[in-house]
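Worksheet: one structure, shown below.
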Amino acid sequence: MSNPAAILPGVQPRRTIDIVNASLKRRYARERRFRLIGAIAVGLGLAFVVLLFADIVSKGYTAFQQTYIRLPVTLTASVIDPAGTRDMESIAGANYSKLIRDALRQQFPEVTDRSELRRLYSILSVGAPQLLQERVMEDPSLIGTSQEIWVLADDDIDMLVKGNIDRDAAQGDRRVTDEAIGWVGQLEQQGRIEKRFNTIFFTHGTSREPELAGIAGALMGSFYTLTLALALSFPIGVGAALYLEEFAPKNRWTDLIEVNINNLAAVPSIVFGLLGLAVFIGFFGVPRSTPLVAAMVLTLMTLPIIIISSRAALKSVPPSIREAALGVGASPLQTQFHHVLPLAMPGMLTGTILGMAHALGETAPLLMIGMIAFIVDVPSGFTDSATVLPVQIFLWADSPERGFVERTSAAIMVLLAFLFLMNFVAVMLRRKFERRW
Amino acid sequence: MVEAIDKATGAMSSAELAGGQHSRATVGDFTAADPRMVCRDVDVWYGSKQAIHGVSLDIGKNEVVSMIGPSGCGKSTFLRSLNRMNDTIVGCRVTGSIQLDGQEIYDKGLDPVPLRARVGMVFQKPNPFPKSIYENVAYGPRIHGLTNNKAELDELVEASLQKAGLWNEVKDRLDQPGTGLSGGQQQRLCIARTIAVSPEVILMDEPCSALDPIATAIVEELIDELRQNFSIAIVTHSMQQAARVSQRTAYFHLGDLIEVGETNHIFTNPQHKLTEDYITGRFG
Amino acid sequence: MVEAIDKATGAMSSAELAGGQHSRATVGDFTAADPRMVCRDVDVWYGSKQAIHGVSLDIGKNEVVSMIGPSGCGKSTFLRSLNRMNDTIVGCRVTGSIQLDGQEIYDKGLDPVPLRARVGMVFQKPNPFPKSIYENVAYGPRIHGLTNNKAELDELVEASLQKAGLWNEVKDRLDQPGTGLSGGQQQRLCIARTIAVSPEVILMDEPCSALDPIATAIVEELIDELRQNFSIAIVTHSMQQAARVSQRTAYFHLGDLIEVGETNHIFTNPQHKLTEDYITGRFG
Amino acid sequence: MYAWILILMLLAVMAVAYQLGIKRAVSSVGGLTQINALHSLPSYYGLYAALWAGIPALLLMGLWIGFQDQIVTSLVTANLSPDMLEGQSSGRIDLILNDIKNLATGNIVSATVTPEVQAAADQYARLERIATWSMWLAVLAVALGGMAYAWRKTGPQMRARNRVESIFLAIMIVFSSIAILTTLGIVLSVLFESLRFFDMVSPVEFFLGTNWSPQIALRADQVGATGAFGAIPLFTGTLMVSLIAMLVAVPIGLMSAIYLSEYAPRNVRAVAKPVIEILAGIPTVVYGFFAALTVAPAIRDLGVSLGLEVASESALAAGLVMGIMIIPFVSSLSDDVINAVPQSMRDGSYALGATQSETIRRVIVPAALPGIVGGILLAVSRAIGETMIVVMAAGMAANLTANPLESVTTVTVQIVTLLTGDQEFDSAKTLAAFALGLTLFLVTLSLNIVALSIVRKYREQYE
Amino acid sequence: RDTINIVGSSTVFPFSTAVAETFGRTMGYKTPKVESTGTGGGMKLFCAGVGVDHPDITNASRRMKASEFENCQKAGAKEITEVKIGFDGIAIANSKKAPQLDLTLKDIFLALAKDVPDASGKIVPNPYKTWKDVNSALPDAKIEVLGPPPTSGTRDAFVELAMEGGCNSIPEIKALKKSDEKKHKAICGGIREDGAYIEAGENDNLIVQKLASNKNALGIFGYSFLDQNTDKVQGSKIAGVEPTYETISDGSYPVSRSIYFYVKNAHVGTIPGIKQFVTEFTSDKAWGPEGYLADKGLISLPDAERASVAKSAQALEPMSKPE
C-alpha cells in the first residue's frame, strides 16, 4: 500500500487528517457562522419581545395612575339622608352629584354663569358621584361631616395633567378649553390635584368614560374562558394525540385524520366562530356571549395545535422505552402513562402554551358568538355574559377618546401578565419533565 | 452460501423424518418432553422481507434453550415473537402457531399484557428507563402488585439486583438515573428488572454481551437457578456460554432453524454441515 | 474488595518505581516505545463521583492495546476521554494530561473536531444514524470531503462495509435504514462507519460484543490489518479476544489502572493479585 | 351553584367507590396476602368502581340539566290559561315565560304582575325546586347504583385493568372524534352558503378571475350586483404574506431552537424559550399597530431613499411582523423535538469528527424533522389564519402582484371583513366569505397532504 | 333574561354603550349588553325572531331595508319602533402639519372614482395622480386616501353622499342617470383600486395615527375621531364648509348620515327596562346638543325633529315598511 493511511488504496491520496485540516478552516468558518446565526436568531427573538414590551409599557404605564381632585365635600345629612333613618336605600338614592358640585363651586366662587358652571362641573368625572355614594354607603358615619375627598377627574383633565394635551396649542386644537386649563392650574397650585394609583382600573368593569373604565370584567371573562378552555382542550388534545399516535391502526383513515387535523390548524379562526354559532348556540342552545360558549369555540380552535405538537412529541420518544415497558408486562396504556407521556410532556406543554396563548389573544371567532360586546358587570360564572381581554383591547383601541390609548396598552400589559402567569406553571412543569436520554 | 443450504436440505431428509412433520429443514428433535412453549411453523416478516422461515421449536419446563447462529440470522426476531414484542414493530407479521401452556399466544382474544408478564424479556440493547435505578427495578412489581408494601418492594428490588450481580455497584446510588450506568451495568439492570416480576419463561437476548467473565458467571449462575422453576430461552454468541448454561441448543441460519438438539450433542456431534461449520468456526 | 486493593497497593511499590513517576498504583510499564497517545494521571469525574483515578497509559504506534476489567470499572469512561467524547456528558470532568503525538488534547485551544477525525470511536451500544445504511457509512467521508465524487464514495462505502464484514448482508438494502438492522449488524455498521474516515487511532468499545464467532473473526482480522498503520485501543470482555488481537493489555479495576503489560505476559504471568484473580476467574 | 355542590358530592362518592372497590377486591381473595390471585392491581378495581359511580351519574346530570328547564317550562305553559296564549307566537310565549321566570327568581320585572302570572311564577319556582331536588336524588342514586353494580361485579376473575383501560381508550376515541366532528361541522357550516354563492357567481369566475372587488355589489339596490369575485388575487396575497412570514419565522425560529437546545447554556435556554413564547401571546392588535405605525413607515422611508415606489401599506410590512408573531411556533416545537433526539446520535456524529453544526444539520435536524415540520405547519397555519396584522399593515386592496412592496389582501382578511361588515345573507358579497372559507379549506387540505407525504418520505426514525 | 340585549352597528356602538352605561348606573336596571355586530349582522339577529334568545334593540348606521323589515315581519317581530338618533359626520381629514384642503364633492369624485370622464367627456380609468391634476387650485401632492373597505357601512355612506354628489355635479354623468342608470351607478359608486385609495380597515384610531405620520395622506373617518384628535388632524373643508358640530347639525356640511336604532316592541313589557332605556336615550340630557352623547361625538338632530322623534319613540310607535 503506497499510502499508509488509506483504507482503500488509491482513493485517498493524502492522510485523512491532512484533508481534514485543509478543509477545517472552511468548516470552522461555517460552524461559527452557524452558531452566530443561531445566537442572532435568539437575540432577534428576544429583541422583538423587548421591543414590543417597551412599546406597550411606554404607552401604557401612565394608565396605572389617575388624576384626582381633592375637594372639601360637606356630606350634608339633609341631602343624603333627609329622614335620618340611615336607610341604605335612601342613602343610595341621594344626590351626591350636588354635593360634589357644591364643593367644586366653593373653590371657584367667581364662576356664576350657568353655562360656565356646567363647563366647570365637567372637569369632574361623571362617575364621581357614584364613587362618593359607594364611599358613604361603606361608612355611613361620614354623613353630616365635612371631608377632604379625592374626587375623580374627567378623562380630558387627566390627559391634560399627564401632559398628553399640549397646553400651548391653540384652543381649537385641543379638547380642553383655556378656561378649564385655568381652573386646573389654580387647583394644581393649591395642591388639590394629584395623580393617584388607579384602583378603578383593576376593580371595575369597562365603561365609556376612560377614567371609569376597568379591566376587571374582561379579566374575569378571560379567566373563566381560559380555565374552561384549558380544562377541555388539554385532556382532549392529549387524549386524541395519544390515541391517534399510539393506538389507532395506521392506515389510510388515520392518515386522513392526521392531514385533517393539520388542516384544521389552518382554518381561519372566525370559521370556528361560525361553527360555534351554528352548533353550540344554534343547536345546543348554549347562551350567547358567555365564557362557556367562548371556551368551547376556543377549545376547538386550539385543539389542532395541541394535538399536532403532542403527536410530534410522542413521535420523538424512542421506541426502546416502549419496548422496555411492554417487556416487563406493562399494558399499552400503562406504558404510555408511565413512560411515554412523561417524556413527551414537554412538547405537549409547549403546544398547550402556544395554543392557550393563541386562545387568550384571539378575537375573531368571538365576534360570531357575541363576545364583542359592551358588558359592564364583572362576570361571576361560566354562564354570565362576559367579554375577554383581547376583545376589551380591541374595543378600547377602537374608541375615539384619548384616554383609552393608554388604557389599551395597560390592558395589554394585564393580558401579558395573565399570559405570564398562565405560562409559568406550564414552563415549570416542562422543565421538570425535560430530560435527555 | 445458498448452495450450502441447498446441499444441506438435500442431505436432511432422514433427519427431517426424525424431527417431526411440521418442520421441513430442521435437523434434530425440536420438541421438548414437557414443553411450556410450543412453536410450529413460525414465519416472521418485516414488511415483505421474510426474516424467519417456518421455525418449529419447543421450550421445555425447567430447561434452558440456547439459540446460536451468525449475526442477522433471526435469533432476536424469533425470540421477540415468543412474547409478542414484535407487535410493536410496524410492518412486522408473525404467522404459524406459538403456544404457551397450550394457549395460542397470537390468538385474537389473547391479551399480550399478562402474556408478557409471564414471558419476560431482556433485550439485546440494554434499554433502562430514564428513571432512577430503583424505579427501573421496582416498576414491574409495582404494576403487577407483587408486593404489599414499601419494605417488601425494597427487599424485592435488592434481591433482584443482587441476583443480577449489580447490587454492590449501585446500592449507594439507587436514586440515580439508570441511564447513567456503564454498558454492562445497564445490561444487568435490565436483567434485574426482568427477573423482578418472576416471569415463568424468560427470553434473554445476549444478556452477557457487555459483561466481563465474572459478571457473566453471576448471570449464568442466575440462569441456572432460575431454571429450577422456570423456562429460559437465551440467545448468545458465545458457544462456550451456550454449552455451559443450556440443555438444548438451536442453531439458526438465515432465518431457518437448521438444527436443534441436546447441547452437548450439538457441540460434540453436529449433524448438519452448516452447524458443524459454524461450531468449528470454519464458516463465512 | 477494598482490602484487596489495599493489599495490592502495598505490594506494588517496586512496580511503581519501574512504571514511572506519574502513576501511583499501576503495575507494569505503561509506556510504549513509540507512543501515539500518552496519558498521564488522568482523573475523570461524573459530577462529584470519580470514575477514573490517575490513570497513566500510552498507546503506541502500530499496536493494539486492549483494556479489560470488570463491568463498571471505567474502561468506557477512560476510552471516551481519549477523544474527548466525555465533553458531551454534562457534569463529566477530565483532568491530567492526554497527548496525541505530543499535543495536549485537553488544551483549551485544541479543537476536538480534527482530534476526533484522527481518533475514531466505536461505541459500546451501537448507535447507527436514523439514515440509510449507505448514508451511515458515507457520513464521515462526506463531512470531511474525503472523496471527490460519487463513484469514489461508493467505493469507499463498499470497502468499509466489506472490511466490517457486513457487505454481503446489506448490499441489496443499502438504502434501507440502518436502524432496521439486527444488533450485530448495527455494531458492524458502526465499525464500518468509523473506519470509513481512516482515523489514525481507533477506540473500540466492545466492538464484538454482539457478534458471533465468525463476524468476530472478521473484525479481529480487520483490527490486525488496521494495526499495520494505526493505533488501536479496544475494550473487551473476552480475554481470549484480548489475547488474540492485542499487543499490550491494561487491566482496570474500580477506576484504577491496576496493571499493564505485554499481552502474553499479562495473561500468563500477571503481577498483581487483582489481575491474576480476574484472569483466572477467581474473582468477585 | 348547586350544580357545583352536586359535582363535589359526586366526586366524594367516586372517592368512596374507589376505596370500596379496592377493599372488595382485596377481601374477595381473602386479604392482602392473597393479592396475587387478583387479575389486576387492586387500584384498578377501585378505579373501576369509581368510574361506574361517576360516569353514568355525570351523564345523567348533564342530560337533566339540559332538559330540566324545557320540561318545567312546558309544564308551566300547560297550566297557563288558554286566553293568555291564544294567538301568540312561540316567541311571544317565550317572553311571557321569561317574565314569569324573572318574577320567580326575584329579578326585576317590567310589566305589571297579573295574578295569573304570579301564580305561574309560583308554580314555576315550585317545579324548579322539585326538579332540582329530584335531580339530586336521581344523580346520587345512579352514582350509588353504579357503585353497587361495580361492587357486585368485583371478584378475583374480573379483568378490572382491561375494563378500566377500555373505558379510557373509549374516552380517547371520543376525544379523537371531536377533531373529525369539527371538520364535519366546518364543512357543513360553509358548504350550503358556498353553494348558494356559486349559484350567483360562476365558479369559473371565482376560481380563475383575477379581479376581486366586492365593492360594486354592496347592496341589492345598487347597480351591477354582480361585483367582481375573482379569488386569485386573494390567494396570491395569502401566499405572499405567508411566504414572507415564513421567511422570517422559519430561519429565526429554527435557528433559535437549534441554538437554544444545542449551544446555549441550560439556564439561558430556560429563560429565553418561554420569553420567546410570549411572542405568540401578544394580542394581534399590538402587532397590527406595530406593523402599521413602525414597520410600514420604516419600509416606505427605506424604499423612498432607495428610489423605490413603496405603498404605505405593504405585504412586506404585514409579512415581517406576522413572521415575528409565529416565531415561537417554529422555535419552541422544534426545540422540544430536537431536545428529544437521543444523545447517542450526537455522540455517533461527533466521534467521526463532525463539527457541532454538521451534526445538527445532518443528523439531528433530519432525525427531528417530523416535529419540526409539524411546527412549521402550525406556523403557516397561524399565518394563513391571521387577519388583524394584514388589515392594519397591508391594506385591503386585492392586488394581483408579486411585488411585496405593494398592498395586498388575504383570504382570511376578506372572510373576516365580509362577515363583520354590513352583512347581507342573500347577496353574493357576504356569501363569498363562505365560498372563500371552503376553498381555503380545500387548498390547505391538499397542501397538507403534500406535506405529509414529503415528511413520510424523509422521516428518519431513530433507534 | 333580565338584561336588555342590544346588537348592531359599530358606528352607533359608542353612543349606545354610553346610554347603556348611564342607564345602568342611574335607573336601577341592569346595564344592557351591547354587541357590536355591524348593521347588517345586527339586523339579521334582530329579525331572526321574537323571544328571549333574540335581541331587543338593534343599532343601525343606515335605515332598515325593506327586505330586512320583511324578515322581521316573517319572524314575528311585527311592531318595530324606529328611532333616529342623530347624525354621524364623515370627515375627510389630513395631518395638521399639512395645509388644510378645501375640496368640492367633484374634486373628491374625480380623485377617487374608478372611472372618470376625461376632457372630451369619454369615460376613462382614473388618470389623476396628484390633487393638482384634479383641480389646479389644490396642492401638488400625491392622491393618497385612507378609507373604509367596501364591506363597511361608512364606505356605503361615503359613496352615497360624497361620490354620488360629486359625480352628479358633472352634467354628462348626471345625464347618464336617465339614459343608462346602471352605468351611472357604476361610475358614481366605483372607487379606484390602483392604490390611490387605500382600504384601511375599520380602526379609525389607526387612520388618525397614520395621518399624523404621513403628511400627504388623507383619511376618511367618523366625526367623533376628528373631535378627539383636533391636535393631530384637521378636517378638510368641503365646498368651503369645515366639519364641525354646528355645520353637520345644520346640514351645511354635506357628508353626514343619520343613525338609528330599532326597538322590538314585542319585547317591551317582558324584558325589563326597554321603555326606560328608550326614554333615557331620547332624553335631552343624553342626546341633546349639551348632552353626554354630544361629548362622545354624536351630532344631535335639530330641536324640533328631536322633540318629535322623542315623542314617538317614547310612545313606541311602530314604523311602517321602509321604501
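The chains carry the letters A, B, C, D and E, assigned in the order they are written, with residues numbered from 1 in each.
Following the convention adopted for this analysis, a residue touches a chain if its C-beta (ideal position, glycine included) is under 8 Å from a C-beta of that chain, and two chains touch if they have at least 3 such contacts.
Predicted model, so just to flag it, every value in this text is computed and none were measured.
Chemist: Identify the chains adjacent to both subunit D and subunit E in the sense defined at the top.
Modeler: A
Chemist: With one step meaning two chains touch, work out the least steps from subunit B to subunit E.
Modeler: 2
Chemist: Please flag the chain sitting at the greatest distance from subunit D, going by CA centroids.
Modeler: Between subunit D and the rest, the longest centre separation is with C.
Chemist: When the Cα trace of subunit B is superposed on that of subunit C, what is the rotation angle, expressed as a multiple of 5 degrees?
Modeler: 180
Chemist: Identify the chain whose mean C-alpha position lies nearest to the mean of all protein C-alpha atoms shown.
Modeler: So the chain nearest the centre of the shown protein is D.
Chemist: My parser should flag the chain pair with the most contacts; which pair should that be?
Modeler: A-D
Chemist: Quick one: subunit C and subunit D, Cα centre-to-centre, how many Å?
Modeler: Their C-alpha centroids are separated by 55 Å.
Chemist: If you average the CA atoms of subunit B and of subunit C, how many Å lie between those two points?
Modeler: 29
Chemist: How many angstrom lie between the CA centroids of subunit A and subunit D, rounded to a whole number?
Modeler: Distance between chain centres: 18 Å.
Chemist: Averaging only over C-alpha atoms, locate the centres of subunit B and subunit D and give their separation in whole Å.
Modeler: 49
Chemist: Return the residues of subunit A touching two or more other chains; collapse runs of consecutive numbers into ranges.
Modeler: 20, 27-28, 319-320, 331, 343, 367, 397, 437
Chemist: Give the residues of subunit D touching no fewer than two other chains, as numbers and ranges.
Modeler: 161, 289, 342-343, 353, 355, 358, 419-420, 461-463 - these are the residues of subunit D that touch more than one other chain.
Chemist: Among the residues of subunit E, which ones contact at least 2 other chains?
Modeler: Only 30, 37, 53, 202-203 qualify.
Chemist: If I apply the definition of touch given earlier, which pairs of chains qualify?
Modeler: A-B, A-C, A-D, A-E, B-C, B-D, C-D, D-E
Chemist: Which positions of subunit D touch subunit C when the two form their complex?
Modeler: 342-355, 358, 362-363, 366-367, 460-463
Chemist: Show me the residue ranges of subunit A that touch subunit B in the complex, using the header's touch definition.
Modeler: 250, 319-332, 334, 338-339, 343, 435, 437
Chemist: Which residues of subunit B touch subunit C once you look at their complex with the stated criterion?
Modeler: 46, 68-72, 74, 76-77, 124-126, 165, 169, 180-185, 187-188, 205-206, 209-218, 237, 239, 278, 281, 283-284
Chemist: What residues of subunit A sit close enough to touch subunit C in their complex?
Modeler: 1, 4-8, 11-12, 15-17, 19-21, 23-24, 27-28
Chemist: Which residues of subunit A touch subunit D once you look at their complex with the stated criterion?
Modeler: 20, 27-28, 30-31, 34-35, 37-42, 44-46, 48-49, 52, 55-56, 235-237, 239-240, 242-244, 247-248, 255, 257-272, 274-275, 278-279, 300, 303-305, 307-309, 311-313, 315-320, 331, 333, 343, 346-347, 350-351, 353-354, 356-358, 360-361, 363-364, 367-368, 389-390, 393-394, 397, 408, 412, 415-416, 419-420, 423, 427, 431, 434, 436-437
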